[in-house]
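In this document, chain identifiers A, B, C and D correspond to the written order of the chains, with residue numbering beginning at 1 in each.
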């Protein structure tokens, strides 16, 4: 299947972390997953807590699970908390209802994979994910 | 036990998807499970997100798990969120508190199985499940 | 990402079950999954046991997990039983070391998805999977 | 606790992959985890199968779980298969009984973290992990 290459994933992660540094954010964790939600690359900056990889993957794979950003999943969780909570129990990599998980599209609008960022506020996490995707000349869903 | 046959399951799925197309809904995923909550047949339309099978089965098997529709489970989740959340952790296929999971009854009122639909709003998902069950000349619980 | 369409999945399942009937096999379960191991379509013939969906998906998704057929995973399990058993615990959909799970390739040799068949002997299960893939004019890995 | 820094993890991964290329191995997945078995960094080369991240982490975190290399866990699995299999069910990241998971020590002999490599034969996977650890001027347990 078409997917994000390791080279592209490295570019996304480097640009995501650089954007966080530029904004003066807390240390981040960044995951890039393929269209099936399987991890391609991950980095966690020094002094980040132990769950960062799980949260980053849960934002990215969860977004692919429902076909929307983890920001939208956060809105759905506010509207229908029980429904979104129930999905966390059946999603193989979890489903995190907070901004920072963004689907990456190919030119035809199909999901190539997703990026998940965690460590600062969710709004800032998402800004960094979008900067990372743009740096790799890829298209973020909804952008 | 008596169950839904594969032929009946195919009729249910074809009619469920046809109803969704007729209503102009988003692409759907449809699961038909036997009385034990075990999958008989499933179809996911093109361009649906990766979690659709889990959600469809979780609606259908979850309904059988409590003996009520997943719509009623959604109401229970609003009344007693902690209780319903706790069941999601122990239900082997999950328990989705949102309409779209409907129990199928035999003439004596015993559960033959269930149908779970996901992809559009839960109300629309349920309409399609009911249309599918009716097309197979089977009886939906509560209908 | 590129994947198997629902129409192709239906063709695969119909031809797989037809081949089983032609050979006089026991009733079968057949799963078609996308490149990430997520279910596209499944059918289980009448009078099959409750685990059939899990086994069919575990053969298909497990094959994608290691990039080889479930027949080869069965050979690996004979050579290194502890290793293959340990993977079953971490593979989200399981990893079944028995023939019947076959990867489907696109023209460039990339995995589009996989087919998993269960119900008769593993050798017969695999024959039916290969017949199903051929009927959809798709290419089986290793064929 | 003392741990492997992200910079060190990047050095380890780059040198591990470079060693694999130099030896002409199949594409690899490489995980670096901290002393608690939590992922610091991961990369999976293009055209690797979907389970590579799970296997790499399972080798590294599993080694820390018993305080020995995953090669030694493989030997233990040959001696006491039921015991090692039982641990796989309770280890949060799995326990992979095959070479390629190596503990990284500080100067006082305490575990700083571990490296897990997967993709070629286990012996080759381990050679690459050792090359990666050496490139970061860190000490591999047992080396």
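Things to note:
Here, a residue touches a chain if its C-beta (ideal position, glycine included) is under 8 Å from a C-beta of that chain, and two chains touch if they have at least 3 such contacts.
Everything numeric in this text was worked out from a predicted model, so none of it was measured.
The rotation relating subunit C to subunit D, fitted on Cα atoms, comes to 90°, given as a multiple of 5. Comparing chain pairs A-C and A-D, the larger number of C-beta contacts belongs to A-D.
With centres set at the average Cα position, the gap from subunit A to subunit B is 30 Å. Annotation: 30 Å between the Cα-based centres of subunit A and subunit C.
In whole angstrom, the spacing between the mean C-alpha positions of subunit A and subunit D is 25.
Contact of a single residue of subunit D with at least two other chains is seen at positions 50-51. Contact topology of the protein chains: irregular, matching none of line, ring, star or complete.
Contacting chain pairs (ordered by label): A-B, A-C, A-D, B-C, C-D.
Contact residues of subunit B toward subunit A in the complex are 47-51, 54-55, 58, 74, 77-78, 81, 84-85, 88-89, 91, 93-98, 122. Residue ranges on subunit B touching subunit C, taken from their complex, read 5-6, 9-10, 34, 36, 38-46, 50-51, 53. Of all residues in subunit A, those touching subunit C in their complex are 1-3, 34-38, 92-93, 106, 110-112.
By the touch criterion given at the top, residues 36-37, 64-68, 80-83, 85-91, 95, 110 of subunit A touch subunit B in their complex.
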